[in-house]
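Some structures to go through are shown next.
Next come two complexes, and both contain chain A; in the first it sits with chain B, in the second with chain C.
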Partner chain A sequence: MKPDSRILTALALIAGLLFLSPALYSIFMSFQTVDAYYTGKFEFTFENYALAIGQYNFARYLLNSIIVAGLVTLIALTVSTLAAFAFARFRFPGGNLLFAAVVATLMIPSHISLIPNYLTLAKVGLLDTYAGLILPAISNGFAAFFLRQYIRGIPVALDEAAYMDGATPLKVLWRVIVPIARPAIFAMGLFIFISEWNSYIWPLVAVGEEELYTLQIGLARLYRVNPGEDVINWPLVMAASTITILPVLLGFVFVERHLVRGITMGAVK
Partner chain B sequence: MEPCASGALFPMLSRLTPYLLVLPLISFIVVFTYIPIAASLNLSFREWDFLSPTMPFVGLENYRLLFSSHEFWNALRVTVIFAVISVPIRLGLALLIASYLVREALPARVLRGALFLPSVTSTVSIAVVFSWLFATDYGMVNAFLQTLGLGKVPWLQDPQLALWVLVIVNTWKQLGYDIVIYIAGLQAIPQELYDAAAVDGGGKARVFRRVTVPLVMPTTYFLLVVSVIEAFQIFTVVDVMTQGGPAGATDMLVNMLYRVGFTLFDIGQGSALAVVLFALLIALALFKARVLGRRVHYEA
Partner chain C sequence: MSGIQLQDIRKSYTGGPQVLRGVSMDIRAGEFIVIVGPSGCGKSTLLRLIAGLEKCNEGDIRIGGRRVNDVAPQDRDIAMIFQNYALYPHMNVRENIAFGLELRGMAKAERHARAEEVARTLKLDAFLDRKPGALSGGQRQRVAMGRAMARNSSIFLMDEPLSNLDNALRVAMRSEIKELHRQLGATIIYVTHDQSEALSLADRIAVMKDGNLLQFDTPGTIYDRPANRFVAGFLGMHPTNFLPIETLPFWQGKAGLTVGMRPEHMTVHTAAPEAPAIPARIVFSEMTGANLMLHCESDVGRLLVTAPRQEMVGAQETVWIGYDASQAVFFDAGSENRVEHG
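What follows is the complex of A and B.
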C-alpha cells in the first residue's frame, strides 16, 4: 500500500466517524448514568437498558417489531414472487393491464389510503391487532416489479426443460426460478424488512394499545412523554434508541453491498 | 412461451395459472390501495366525525374550507420551502462527494458505508438523537457554541431556525442514498471523456463543471424528482422533533393530514387534504415518468 493511500484511508475513516458521531455518541451516552450525564462526568452502567427493557416495555416492542417486519417481509416476498413469475413468464388476457396496475402503485403516495384503511380495519375489527399492522403494508408493487425484471433475465429454456420433465408451474418457480433469482429476492427481502422496521405513520394510526407498539412508536412515545429537556432522562432515551436501531445496524455490516446493489438496481431500472 | 407440457395436459388449468399466481398480490393492492383512493374521493365530499351514524353529502364544502384556511396554505408553503431548501443542498453535496468516491477504491468503501448507514436507520431514532443534539440546555451543538464563547441558541423553539434543523436532519439521513445513486450514474460516464478533458487541459473544477455535471444530468433529474416527491411526504422527523411547531413554522402537509384526520377526526376535511396531496404527488410522478422517458431516449 502506498503511504498516501494509507493516509487517504485514515482520512476517509475519520470523515466517516465524524459523520456518524451523533449516532455514535448517542450509543455511548446510553451506557452512562443520568446523574453523571447531567454533571458532565462518565459512569458506566447497563441500568438504562435494564430500565428500557423492563419497566418501559421495550422487550415487548422489540418482539412486536420483529413479528410485524418479519411477517410483512415473508408475505410480501411470497405474493410478489408469485406475481412476478406470472408477469415474467405468461402472456394472458389482461396481463398487461394488471401489471400496469401493480407498477402504478409505485407512483401512488401511501397517505391517500391512510384514512380509508383505518376505517376499513376498524369496520372488520382489526385495529390494534398484528393483522392490522401487517396487511396494508403488503399492498406495494415494487417487489413484484423488481423481481419480474430479474426473472425476465433468466433463460426460458430452463423453464421449458423442467416442463418437459412434467413439472407444474409452481414446481418450475420453486425449483428453477427461485434458486437463480435468490440474490434479487434476498435484496428485496432486506429492503422490505428495513422499510417495515422503520415504518412509523401506519403503526401510529393503527395501534392505540401499548402492548402492540412497535419500537418506533415506543421510542417516539418515550421521548415525548417528557420532552421538557431539563428533566428528560436522555441516557434512558438513548438506550431505547439504540435498541431500536441495533438490528439494522448489526445486519448492515453484513449486507451493505447487497443493499446498495438492490437500491441502485431499483433506481436505474 | 406458453409452458407446453402442462398446457397440453391441462389446458383449463394452464389458462387459469397466471391469474391464480397474481391473485394474492392484486387482492392486497385492490383492497388497500385502489379502493382507498375511491373511498378518499367519496369521503372528501362528505361530512363525518367517525362516530355519527350518517355522513351527509356536502359537495365541495370540504375543499372550499380547506382552500380558505390559513392552516392549509401555511402547510403547503412550509412544505414547498422545505423542498426548495433541502433538495438542492442534498443533491449538491451528494454529487460532490460521489464524484470523489467514484475514483478512490478502498477509502471510498469505508466512507460510502458510513454515509449510507443513516438512510437505512430508523427515522424516529435519528429524530430523537438530533432533538438531543439541538436541545437548548444540554445539547451538544450549544455546548460546542459555548466553548467558542457564543450564547445558547434555541434551535427548535425558534420559528426561523426549526425548519433549518429539519433540513439538516433530512440531509444527514438521505445523503447516503443520493450518493449511492450518483455513484451508479457517474460510473456510466465513459473514462475517455475525462481523458479527453485532461488532454484539453483544465483543472479539476473545470472538468467537474464541463464533464461531470452535464453528463450526470439524467441521474440528477431522477434524484431531483424523487427527492421532491419524498420531501412532500415528510412526516416522521417533524412529528417527533417539532410536531409542526413552533407556531406552525414546520407544519407540513402530511402532519396536517394526520392532525385533521386522527386527532380532530374530521374525516371529510382530512380526505379532501389527502386528495389534494395525492393530486400534487401524482402530477410530480407523471413529470418524473416523462423526464425518465427522455432520459432513456437521451442515452440511446
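What follows is the complex of A and C.
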C-alpha cells in the first residue's frame, strides 16, 4: 500500500465513524437501563427491546413498515419502469403531453396532495388499510423520469435485435432493458424504499388504527406514552430507533453489492 | 426459402423529406443481393423496411409471395446483423446466440447445443462464456453472425456488417460471408457503401442514390454497362475518366456525349503511337501494387491511367495516352444516362 493511500483510508475511516457516531451512540444507549442512563452509569440490558416489542408492539410496526415500504417499492418500480419504457421507446398520440404531465408532478410539493389524497381515500373507504398506505405512493413521477432518461441511453438497436430475435415488447423490456438498466432500477428502488420507510406525514394521516402503525408513527408515539412525569425513557426510544434503522442498514449492505456490480458491467455498443 | 418483392416503396420519416422515392426490386430466393450507394441514400432505411423495423408510406413488400407490410418483425422469419452488432451486453456469447431460439420456445439443452454448434462453425467455441465486452471487434462481429445463423432463417439482412473492422479482417470476413451464403443457401441482402465489397460479394448489385434505385443487375453488367454516369463513377477501384466526346481523338464528328473511360483500358506510350492518342504530362504516380496509377494532365483535362510498374521506369515528362475505344461507355451529356453507341 502506498503511504498516501493509507492516509486516505484513515481519513475515510474517520469520516465514516463521524457519520456513524449518532447511530452507534443510540445503539449503545439502547442496551442501557433507564436508571443507569439518568444516573450516568452503565448497566447492560435487553429490557428496552423486550419492552418495545412486548409492550409497545414494535414487532408489528416493523412488519407494517416492511410490508408498506416493500410493496410500494415493488409496485412503484414496476409502474415506473413500464412507464419509462413506453416514454423512452414508443411514439404515441399525446405521448409528449403525458410525459410533460409526469414531469410536472415533480414540481408539486407532496403536502399539497395530502388533503386531496385523504379525501379520495376516505371516499373509497381505504383509510385504515394497507392499500390506503400504499396506493398514493405507487405513481412516482421522479422514478419514471429518471428511468426514462436511463433507458434512452441504451442503444435502440438492442431492442431491434431482440425484436428480430422474436421478442414481444414486454420480452424486450424484461430480458434486455431491465437487465441493462439494473443499476438504475436498484438505485431508484433503494431511494423509494428509504423515503417510504422514513415517511411520516402520510401514515399519520391515513391510519388511525394502532395495528396499522408503521415504525415512524410508533416511534413518535413513544415520546407521549412514556411513563413517568416529564421523563422520557430514552433507552427505550433508542431501542425502538435501532429497530427502525437496522433493517435499512442491512438492506443497503445487500443491495449495494448489486449496485456496484451493475455499474461496472457497462453496456457494449 | 423465400424471395422478396419490393413494389414502388416510398418512405419519409415524420416531417422529413422522402428518403425512398419509389424503389422496386424482385429478389429471388437464395440470391446474394448487395445494396450499395453513398451514405445517406436510404440503404439502411430500405433494409429496415424489409425487416419490419420501419413502416413504408406507400408500396408493397412481399416475402415468399405474402404481403408483409403489416407483419411485425418477429413474425417475418428474418435474421438481421446490425452495423454495431447490437449484442446483448448482459448475456454471454452462448446466451446471445441462443436468445432467439429461447424466445421461440426451444428447450435449454437443445438451444445451447445449437448455439455451441454455430459457435464452432464460426470458431467462437473458446469464447462461449464471455460477455461481448470482453471480445475483440472481429469476435463480436462473429457473434452477431452466429446470432443470425442460429435460427436458420431463410433471409439474412446485413447492414454494413464489416464497416467496423480493419481492412485485413474485412477482406477475410468477406470471403467467409460468401462461403456462409453457399452453405446456408439463404437469401442475403447486404448493405454497404463500399463498392469493392459490392463487386466481390453480390450475385446482383442494387445501386442507390438519393432514395432512387439507379440500377439492379449483376456485377459484370453494372461494371461494363452502367446505367448512368453516377453508377459508372461509383463502381470500380479507380475513378472513371469522364470527358466530352468532341475533345477526344478516338472518335470523329460525334458530339453531345460524355465518354466514360476506365483507367485500366488506357495505355501509356513514351513515343507517339500510330493509333490516335492524347499527348499528356505525368503529374505524379501512385503505386497500387502490381500497377501504377498515373495522374496525367492533358489539353482535354485530367486523366487517370493505370500502367504496369515495370513499363514506367521513373516519371516521364511527356507521354501519349492511347485507348481501347471498344471499351468506352457513352452518356448523354444532358441526362447523364448511358446511350448505346457504335
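What we mean here is this: the second predicted complex is superposed on the first by the 222 of 269 C-alpha atoms of A that agree within 3 Å, B and C clash if a C-alpha of one lies under 4 Å from a C-alpha of the other, contacts with A are read in each partner's own complex, and residues count from 1 in each chain.
FYI, a contact is a pair of C-beta atoms (placed from the backbone, for glycine too) under 8 Å apart; a residue touches a chain by one contact, two chains touch by 3 or more.
The structure displayed is predicted, hence computed values, not measured ones.
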Practice task
Check whether A:Pro179 is in contact with chain B, with chain C, with both or with neither, and answer first, second, both or neither.
Solution key: second
Practice task
Give one of first, second, both or neither to describe whether A:Thr168 is in contact with chain B, with chain C, with both, or with none.
Solution key: both
Practice task
Considering only the touch criterion stated at the top, classify A:Glu160 as touching first (chain B), second (chain C), both, or neither.
Solution key: both
Practice task
Going by the touch definition up top, name the partner, chain B or chain C, that contacts more of chain A.
Solution key: B
Problem - First (chain B), second (chain C), both or neither touched by A:Pro22 - result: first
Problem - chain B versus chain C as contact partner of A:Gln149, first or second or both or neither - result: neither
Completion exercise
Interface residues of chain A shared by chain B and chain C, listed 160, 163-164, 166-168, 267-268
Practice task
Over in the complex, which chain B residues touch chain A? Could you list them?
Solution key: 1-6, 15, 17-19, 21-22, 24-26, 28-29, 31-37, 39-40, 43, 50, 104, 106-108, 110-118, 120-133, 135-140, 172, 177, 180-181, 184, 222, 226, 229, 233, 235-236, 239-240, 254, 257-258, 261-262, 267, 270-271, 274-275, 277-278, 281-282, 285-286, 289
Practice task
Within their complex, state which residues of chain A touch chain B.
Solution key: 5, 8-9, 11-13, 15-17, 19-20, 22-23, 25-26, 38, 78-80, 82-83, 85-87, 89-92, 95, 98, 101-102, 105, 107-109, 111-120, 135-136, 138-139, 141, 144, 156, 159-160, 163-164, 166-169, 172, 194, 197-198, 200-201, 204-205, 215-216, 219-220, 223-224, 227, 229-230, 234, 237-238, 241, 244-245, 248-249, 252, 256, 259-260, 263-264, 267-268
Fill in the blank from the handout: The residues of chain C that touch chain A in their complex are 51-53, 72-74, 78-80, 82, 84-90, 99-100, 103-104, 131-133, 140, 147, 151
Fill in the blank from the handout: Listed in rising order, chain A residues that touch chain C in their complex are 155, 157-158, 160-168, 171, 175-176, 179-180, 265-269
